[in-house]
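When the chains are written out, they are named A, B, C and D in that same order, and each has its own residue count from 1.
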């Protein structure tokens, strides 16, 4: 019999919907000895009750503290804006709940460390939802590297491009305000890239960076123009602790890219390429094959041999973006019931934050900066 | 308030799971004035109860007649093997249930006609689940053609390739037995292609065809070798009633293809290309643009401007194969509550069957054959 | 020391230029014991002398008979319109010249047979310039199949699309007149496809076909509208003598395709794909590899391991369309000096013609037709 | 009548062959009022005479001074190793010859400046062979940007990957010796990227960089192992004087890449992508089109509307890598006969060198460095 894990979800907008969907889908496809129970949805806005009904939550509340203190609840998922993560997560850990938190884990490295410490002290399971690790093609990339098929890694090349505010008359939104959002494309998109780089290559030792705001002012609702104070784009280079090099670009002003995350990893014995807009594919090059037929292979990661994929449909039936959330919960709930570790966890979230802060410092100081250990 | 439509689902294996999943997902994303209630799951095998619980059905039964006669049930979904469709569908129509049926609609044209007649006499809604019409990229193709962006259509080029029994020692399964399966790749895969051709171009007037069995015998469970009596592959050409030409290939022995359905449509003013393994993309060429920058565009059909896509996630967040089933139910349930027509319906299923039969005759008689009106 | 082969070239327009260029390029890159000498260029039009100078021919003449009878000349290349091939080739063979002839070899099967007989009687080398065999990626495809990497071939899928007269006001040209051109896209483009199919799979046993003229009349220079009497598009299916199936489409009204020849070959152990617009690439799938990393490989056929490629530049330096003509001459001249056989030869040209005639008959008679042995 | 330009070519290996080929091909395709005469080939090695005959040079010599002083010669092409460029070019300019020089222009910025000054003083035409500017697809990119189709440029993303010494037992060659080669992948490949960035975006104001040697020692012919002293790979980021950002990677240890140069340019109104392994294609995204059909277009740059392409073959007939050299000579010789400016010239070569030196300094000093004006 699967053990029931009663969940509370804090946040009910875009991410809240993606998480609710994942919790509904999971039991249909994965036998993991755990079954999530959708207990309480928490949010601030008026349409909370409608969302709770629609998504299948048993109850709802406007108070996250109520969720944290509810003795029926085993685990809490945090999908609120970044500046609230720390307070909620620490309280949840102290209340003995397992916690899964949206990325980026926190707005500052100090917060991230507090969260990690709280989770460790409480002995609860903790995860951060860098969901792209959980795409079968990306998990396959990790597996191939871990098994040595690429040899020593030489170079990681990542980019994350969108173009939603390309029009200079696109209005000023909260993501453009440094006091609320912390940083712009560098943090919002860069945190995903840095997590993937750490997942596939290892720790980042030092960084250099530059950022730019292309559109300096944008129209506000009130009819005035407000200054944009977060970066539209960033470029950064890194050196991993192994000596591998890395380069990264993030932009929200990249014409033609809707959700264009991609990377290439090059190693002594092979290379891999991934593009989120072709989520189910991994390009794989393995050196040492007969010269006449060597080349990058387009691997469709939908077969039983591929991570997570066997639980779904027969080979060739492609998965969508939201399936990465299901896989994240599979790993999280499995860790809860099996008392094992889930990755990425708060330590991963904290380390990504440490790199982000080093990048900000590097951009400001115009020099290479060591990432704090 | 959304009207509740109480559903019965007959069949609980691969397709049963895909349909159950669609019914669960639908209310989270689509406001259509209808809400499916997952009332009864019906199947023959022992794991039915477990499946019913897992997928969220309120009750279960081994008797399809019970479902058909259940006065609480408004609509019935048929996911059983093809030779049972006719009997169940006719009974369901007579009982006043709306019916959605898996493809191919029936094993013979005569059956398909009986089903259509039963549905029409009963005045119920009827649909056949040619689900690839419901991929946003394919629905976009239809919309572009309907709006005249391609001009008169000249040529349709479709193929559907898989390779699951490529190994000659892959065992003999029911799909290889003519007495059970009717035909092989030609019908199983060809029916999807013919439906897409009819959806995008129009009625098919005449056909020519050839089929082949590459592996004549395969090992059976009993240790003997059984003859394969359904086609491994088929090629067929058609002329549409408009004068457009069509060509098609289907194969279950197409090395390297897991679920490789694709098509190209060429018209007087443009061309379109689709590949199911890149489900979210449509290649679009529009003639008459400045010569220096004309070319096929890779359209990522994930934006609010694209059919069905706006209900899901922000642009660039790709959908998976199973979403086509959700969209099929959106159209079906909307037709039920709004008393409008849903397409593809039993008439579409019947017409695809008429073309399939003409193809079989053409292959046997080695000549072009008119499709029965 | 390389032996000098003195060449005469008949025809100085598009193909004449491509052949002249090939003869100039060849000695810079290939050591084959033969060196072509550009002796005489022959053509009908006034700009012949200028062309001869520009392309590097030592002399020129308006009379093809003069070339054929010139005792200095060893070999003759025929680049004139199809209806003149037979007469020139037969005369050249009788004069003891080696002959290389543009495709299609002749307008009728009877002519093609006469040409083959003349060449055989004279004991000269004879070649037909189905140049796409000579692209390194296509020659690699042939090599992989010959070496058994694909196993028994099941299916060949070829298409050749252009769109130059897509505009219905594009004028009536000679290719649209049956009395001059013989057939339309079916022969002009289809002959290339049929040659590739024969090259890669083997002899074609029987055929079925349909053709269409989408624009029935076009404006002439005189201001009137002339009827179009050659096919705009054709679809045909074949059965090879091995039992493999084939399907083909040709069109000059395929919006968005400039010179879009492509094919896929599927066998018991692998598949190959080629697209002329990506001339240097071959997609290669080999079955039996570890499931986690199997997939189509993009092989860039520019390495010493690839046919012809090693003579040019280092790996990764792509070749252009006209290099196929250089390779054709490499094979032709090597056969001359080594007294070996060159392929494709007049027999290949004749057999392609036999298939084309069967296709015409099949289209007219609306039934499958055996290809004459 | 075309004016004859008598050429001397210094260097007869890989580049010498590419240049000789370009000079042979040019008059067959381009009417530019200039006709190159292949006068003298110069080289050091024994096979020089054979090469001269093979490539079509009228004479040959082992002394570059002889070429420079030959009064018959109008223009000199320098294809020797980088450390000899300055001396030869300065002497040639002083002798009143027009000069075209291989890239990189010189080993140091000081040399490059001397060369530019010599050319300007002598009033001769001077060009540097950054040949990738001359690919039709790249020239099209430039044209689209210049005409404003992309709006203000935000970001340039370039990479150049090869893998020839991937095997750690690949021998030590001169490119791995800092005293001979100056730098490794950063200069050899980076100079191409920097030239493309300057061509498409404009001047580079400041840089940051890191380099790495992955294989520290390699076997020498003598049986010992020699230290590798030039970078295997480099990553660098730049800020253009317009505020645009740039990021770059170069590597000779990039598994699976044979000659993988690529770039993406993103602007306020569109984006472009190019990949040298698909030399004839440019991916073009133009913002502001109807949302349902917007996307990157695959433009095949082989039509009369595309730079250089109309002189060759009909649309869809792809060009090879060596055609870029033909186009380089077209521009150079046209400048000679028309007394106009050719680009890229020695100033472009010098400016690329200035950026390279800044990159070296940046990598050494671990900070952002201003490029010397």
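Note that a residue touches a chain if its C-beta (ideal position, glycine included) is under 8 Å from a C-beta of that chain, and two chains touch if they have at least 3 such contacts.
No experiment lies behind these values; they were computed from the predicted model shown.
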*If you check the contacts of chain A and chain C, which chains show up for both?*
B, D
*Check A-B against B-C and say which one is joined by more contacting C-beta pairs.*
B-C
_Averaging over Cα atoms per chain, report the distance between chain B and chain D in Å._
54
*Cα-centroid distance, chain B relative to chain C, in whole angstrom*: 41
*asked:* Nearest whole angstrom, what separates the Cα centre of chain A from the Cα centre of chain B?
replied: 35
*Of all residues in chain D, which are in touch with two or more distinct other chains?*
257, 294-296, 300, 303
*chain A touches which residues of chain D in the complex?*
150, 152, 154-155, 157, 159, 161, 163, 166, 168, 208-212, 214, 232-237, 239, 243-249, 251, 253-257, 266-271, 285, 287, 294-296, 366-368
*Mind pulling up the chain D residues that touch chain B in the complex?*
140, 143-144, 149, 284, 286, 290-300, 303-306
*List of chain B residues in touch with chain A within their complex*: 14, 17-18, 20-21, 24-25, 27-28, 54-56, 162, 164, 257-260, 276-280, 300, 302-303, 313-323
